[in-house]
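In the two complexes that follow, chain A is the common piece, with chain B as its partner first and chain C second.
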Partner chain A sequence: MSRPGFVLEVDERTPSLLVHQGEGFRLEKFPLGTRVIYPPDSLPGIRDLDAAIRHALLNPHGTPPLPELLRPDMKLTIVFDDISLPLPQMRPPDIRGRIIEHVLELAAAAGVDDVELLAANALHRRMTPAELKRAVGDRVFRAFFPKHLRNHDAEDPDGMTHLGLTRHGEDVEINKRAAESDLLVYVNITLTAMSGGPKSVAVGLGSYKSLKHHHNVHTLRHSTSFNDPPNSAMHHSYHRMAKVVEDHVKVFTIETTLNGDNFPEATKFLQKREWEWNLRDQASLLAFKKANELTPLKLRREIWQRNDAPFGVTGIHAGDPKEVHPLTLANVHRQQLTEIDGQADIGVWGLPFLCPYNVNSIMNPILVMSLGLGYFFNLYRNKPIVRQGGVAIFYHPMPNDFHQIHHPSYIDFFEEVLTQTTDQAAIESKFEKQFAEDPWYTHLYRNSYAYHGVHPLYMWYWGAHAMEHLGDVIFVGADRKAAARMGFRSASTLADALEMAKDTVGGSPSITYQHTPPATLADVR
Partner chain B sequence: MMLALQYRNSPVKYLTARGATGTRLGSRFTSTIASNLAPLTLTQVPEPDLPGRGWVRLRPLLSGICGSDLAMLTGRSSPYLTPLVSTPFVPGHEVVAVTLDDAPDLPKGSRVVVDPVLSCAARGLRLCPACAAGRQSRCTAVTSGGLAAGLQTGYCGDTGGGWSKQMVAHRSQLHVVPEGVPDELAVLAEPLACAIHAVRRVALAPGATVLVVGAGTVGLFTILALREFTEVGGIHVVAKHRHQQVRARQLGATEVIEPNRAARAVRRLTGGTLESPVMGAEYLLGGADVTFECTGGGGVDTALRLTRAGGTVVLTGMPSTTVDLTPVWFRELHLVGAYATDSGGVPEAGGGREGDFDRALDLVGRAPLDGFVDARYPLSRWREAVGHAADAGRLGTVKVAFDLAEI
Partner chain C sequence: MTFRSDLKQLLAGRDFRGRSRTPRSAVPFRKPSPGLTFRTAWTRSKAARAARRGLHAGVLKPLVWAQTRPTVEGTEYLDGLTGPVIFAANHASHLDAPLILNTLPKNFAGRVAVGAAADYFFTARWRAIVTTLAFNAFPVERFGGSAKQKQASLAPQLLDLGWSLLLFPEASRSQDGWMSPFRIGAAFLAWSRKVPVVPVAMRGTYAAMPRGEWAIIRGRPSLTVRYGRPMLPHEGEAARDFNVRVADAVHRLWAEEELGWYRALRESHAGRIERPSGPRGATWRRLWEATRPIRADRPERIWSSSSR
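Now for the complex of A and B:
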């Protein structure tokens, strides 16, 4: 029986606590009275995954069993979540590949010939052949790549279909092959409450024309939080779009959830509660920490990126997206939700080495910002962890370093735009169109492995709610120039950061540290 | 006898300075090298004689230090120019002065600026085809006639130069400074006329995208001339120093770009793709329609790499570097030189416009150029002056000048 999440109040006996900071971590002594939010213990994974997959496909929610939806003359498209999920990458075999194999077996049994596989990479970079192979498994890759297994291309002029408008006038444009399919099978991994459900098809197979209706400053400021779909304007838009999709294409979704096993056996101590570290854990931690610090950054980055997570699968549900997704969210909450009473003056987060957009890549300063002020700040329900006008303290070295192939428009955004303004609304009105329609970025998105030109702007908007809510943002250990470019202050230590925060929240602030990874969704009462 | 700064021919000093400033480390100490290794001495020299009819004596008031002067003092100027000068000479070709003699239509005591080009008229020669066409900057007689060789006043052993108490100039070189234009602005007439000349060297279509590489005196004046005399669209400026960026914007730059991100910024502004060669700087397939190179140094390479296929690169700064010309070939660029000034040409030769100096003198009085000459030195502090000029960008200065009223 896994223990539920809980909130620790730091007292004299509390040991130093683990705080992630990029490709490393530090042990931090928090002020007395600091509240620390821990996620529930990792839930047990499903033992017989093949049986669970089979069961889900044959006993779906809100649709007939999958075999009954398959027929020989049909056009079947199997779509799967891209490289941004899960985080870290899952130790092979990937759950997506296992599910796809089952779907293909049923399709073969039904005599379906016209089958295509699509990675739902939206405006993300294309997955490399190796990454595709890892996601779908060797057998599927060999059978389908490259002709029938490919990345979605949101800029293919002949590859998109405009399905219509939502009742709010939002364009819904998705991949043409998917739109023309008799059945769309979507294979999903829902890692946080923001993913899956109405987002999968409408966003994963969408275009800039479609995404701009919800990936914008106004919507994000009104998504409080985007991990709390009923209170997320972004999800309201997803739902409207999903309705349009539903009117045109039959979607059979298979959603999966994972437990909190983020770290392999050798570094398992990283997800144990600190006071439960035994001598071996402590020795391992110190040795690992020292070795890690002595390793050159490039090599360290590579080692951390190779950190496959031994995730267990906690749920597999299939059928009608509308009926499946609530079950998925319940599973996510079971693994991540921790209640906490009241907001704090200061929220603290340690930002790890990975976010959805730097898998096999570099976490550049903009991604650090979006991970902190976007993803982590929004890991709440009801109310933010920090009160209005409070201070957020993040840990990350924030090196001024960019992946030249994956993030070309990020470099320009950082150098050209943020030197002029950091104001999200101003950036949106003055620069979004330029970046979104720049032919070079489009060329690199389509033919190289670059994120779409507009993507850095979306990442900047990702923090819109936090930046409007917070009184100050301080990064501990960050490159000062990089932080300053983005309008943030940097501090060397937590003590310095707390001293700096005095200007905003006074001398004896309440502090909450959201201990993650594994991901913790705070239910703030 | 009079006090003057005199430049002497010293191959040893030239090569030493050239070697030192040619290294990355040495380039950081250009100001030190210029003020200590330059073959320049403050000395008493005889006042220059009047070479002939039409010549008058001048008492310089202010004389600027130009980028070409600094290139000469640091050994960065090309050996190509050596036959075109006669040593020893007194430098200084950006001059505002008072005439000491009467000329037929110019009374003694007039305040004038000097067009330094020593063309056929000044040399007492029959006009060469270029001079006859009003293109004095292309004169073929700069080593002939009754004067020693010298492409300009300030490089000729017979005329003296602005870095002294007295010099001589031919009436054809003189332009009266309008009333109300102070000396500090009048001394800017020569570099402004050069910038106007550069802008006139190419046909600039309305709405064309222009890149200006460098925002020293020449670069800033090029922006001013582009805004004043053309209908180009965006003027994007590569400017290294903060004060240059601010001034560039004030003069009409659309976007100001730091040198280390020029390629990416210009690509974003003008379109095209960015290419990264195995060695050397990034370049664009795309870029500006016309680029004005105003550094004379590394900016030439930048200009060639950031100009679109079929576009034009105007060399406004005196080139003092070697450069990979592959982009000229591959992108079929037009490479245009822009040297000094002319009188606008004659109608028969397609000219007949106002002379560059006339336009400059008109513009200098009404353009927002206050504070451009913010460092004035007496000749006795020439080392400081030269050092300051070599570091002008970093020190927030546009133009350093010798104040000849002081000792």
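Now for the complex of A and C:
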């Protein structure tokens, strides 16, 4: 049986602990008394996945079995999560592909001719053919690409359908093909508690017109946290939109959850508890760290990006999204939730090489900010790990480096907007429309592999709750100029960062280190 | 960071095999073991009693008496006392049990069983055998224990079989030579079984061989073993009140060392004798007073059967 998560209190016996920092990691000796949140051990994956998938499709929650929903003359659209999930990428065969194959088997048996597959990439960059092939598998790719397997295009003037308004007046606009389908089968991977459920269709197939109602500063400041849906204004908006979608389209969702196996066998020490490292783990760590440091940055990135995770699947549930998602969330909590008593003056996070928006790409400073202050800071339920007015310390080198193809609007945002202001509300009112409607960014989003023009602003808003909550943010090991551009301070070591934090939290602060990856969701009591 | 500094950081706190100790907060919770079930009936057999008599007369008593100067008072209170009784004594040293067992009148000496901490003396078989044989010990759960263990306590059975008990109601040896509050167990047993309690106070044993020491200090320190008058619960007296009365009696016997018998009695009646808990202040001052040698010029008793 897997061990549950727990909170370590650093004492004199505690060895140096592992902290991720971009495409690398370091060992850090934390002050005595520091609390360290560890996730539960990786849960065992389902052994017979095919049987589990078949069982889920034939015994769904809240809908008839999938074969009963299929008929020859229907319009069937299969939608799947895009490249931003899972993180890191799953070692092939991808669970999405395996599920899609089963759905297609049933569709073929029912004689369905009109089948389309859509990647739910919202305002994310399009997936390349290679990435699509990896997600859906060779057989599906060969049968459907390029005509019937494609990316969602939120800027296609003829490809979107406005379904109506929510009771709060929010526009619900989704992909036209999906909106006109007799059945929409959504294949999801829920990696954290913020994903899946009402988000899948309303966001994954949405447009800027629709997304701006929840991806804005006000909503994000009131989403405390993203991983605690009942307390997230963003999720409340998702639910309202999902209700409108539900009134127009029949959705059959298939949600999956993964265990915590983030690293392949050779680097398994990265997710072992440090005092349990054996000699082999320690030798591997030293050798890997040294080799990693000697490797040129570009090659290092490539190596880390190719780090396919040997994820195990911990659950597959299908049926009505409203009935399926609670089961999915329970599985996520089983893998990630660790209870901790009380908040700390200082929270510490090691930011890894990957966030949802730099898969096969570069983690630019804005993405570092969104990973730290958006994703990692929000890995809590009930209360933030850090008290109001406390300090967050993140580890990341934060190089001033951008992917020219994937993140063109990020470059302009970093160079032209953040030099003027870092205030989210000001940026929203002054610059959002300009970035969202810029024809060049739209062209690159539709025809190249660029994120939507508004995406860097959304990433900036993503940290709105953290920025409002925290008294100070310090990045250890970061490029000073890049950090300063975004209004953050940088330090060379943890000791320096703690010294700098004294101004805000005093000389003997309580410290909590959230040990992740694998993802750890702190239930702060 | 250099390879050397990485290596240094990695190895800090690890042994030569590269193993780290598990941080305290990461040590997995284990259900407390039910403890060693150890049968003690054999130690009350004729052979074991003979062996114990030999051990005490031939080894323990000569050893203790050669290295200390014990004074025994109050044994006259035990004259004519029959049947099982409970000796309730303060506890500061491993010397306490041998001192009492070797100063009791003959009619009690061979018929006393000693309550010993189950979590200390009975966790290893060898220690349990030695303790049981030497002191006719039986296990006592100090920290609650399960209901099953409590029911299985031998004390009531031993009383029923006519064995007197030597119990230390403080539950543990004193950390600093001063007395802790009495737990109710001994008084409750006496109260429920209508058995007399004999209060016993020992002075100087902490100075002679404190907790953590396994040898008596040099210089033949003076010790006192002082027995009090047997006590029975009054009609309608609650067990808790009886426990307070027993504790007060031991406190008074303790104070006799400085005040003498009659003054201690007067002060006790006036409610001016409290639990000897030592001076307040720095730890060294408490230890200093606790290890002060017993005065040779203490007031003499008006009458005494002391075997000084």
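Throughout what follows, the second predicted complex is superposed on the first by the 525 of 525 C-alpha atoms of A that agree within 3 Å, B and C clash if a C-alpha of one lies under 4 Å from a C-alpha of the other, contacts with A are read in each partner's own complex, and residues count from 1 in each chain.
In the analysis below, contacts are C-beta pairs under 8 Å (C-beta built on N, C-alpha and C of every residue); 3 or more make two chains touch, one makes a residue touch a chain.
Note that this is a predicted model, so its numbers are computed, not measured.
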{"item": "Side-by-side fit of chain B and chain C on chain A, or clash", "value": "fit"}
{"item": "Chain B versus chain C as contact partner of A:Leu294, first or second or both or neither", "value": "neither"}
{"item": "First, second, both or neither for A:Trp277, with chain B first and chain C second", "value": "second"}
{"item": "Touched partner set for A:Leu285, first chain B, second chain C, both or neither", "value": "second"}
{"item": "Contacts of A:Arg26 with chain B and chain C, given as first, second, both or neither", "value": "second"}
{"item": "Superposition-derived comparison: chain B or chain C, residues of chain A touched", "value": "C"}
{"item": "Which superposed partner A:Asp11 touches (first chain B, second chain C, both, neither)", "value": "second"}
{"item": "Vertex chain A; arms to chain B and chain C (CA centroids, nearest 10 degrees)", "value": "120"}
{"item": "Partner chain in contact with A:Ile411 - chain B first, chain C second, else both or neither", "value": "first"}
{"item": "First (chain B), second (chain C), both or neither touched by A:Trp440", "value": "first"}
{"item": "Superposition-derived minimum Cα distance between chain C and chain B (Å)", "value": "34"}
{"item": "Chain A positions touched by chain B in one structure and by chain C in the second", "value": "none"}
{"item": "Chain A-touching residues of chain C, taken from the complex the two chains share", "value": "1, 3, 6-7, 9-10, 12-14, 17-26, 28"}
{"item": "In the complex with chain B, residue positions of chain A that touch it", "value": "404, 408, 411-412, 415-416, 434, 438-440, 443"}
{"item": "Chain A to chain C touching residues, read off their complex", "value": "3, 6-16, 26-27, 29, 273-275, 277-279, 282, 285-286, 289-290, 293"}
{"item": "Residue ranges of chain B in contact with chain A within the complex", "value": "261, 264-265, 267-268, 271-274, 276"}
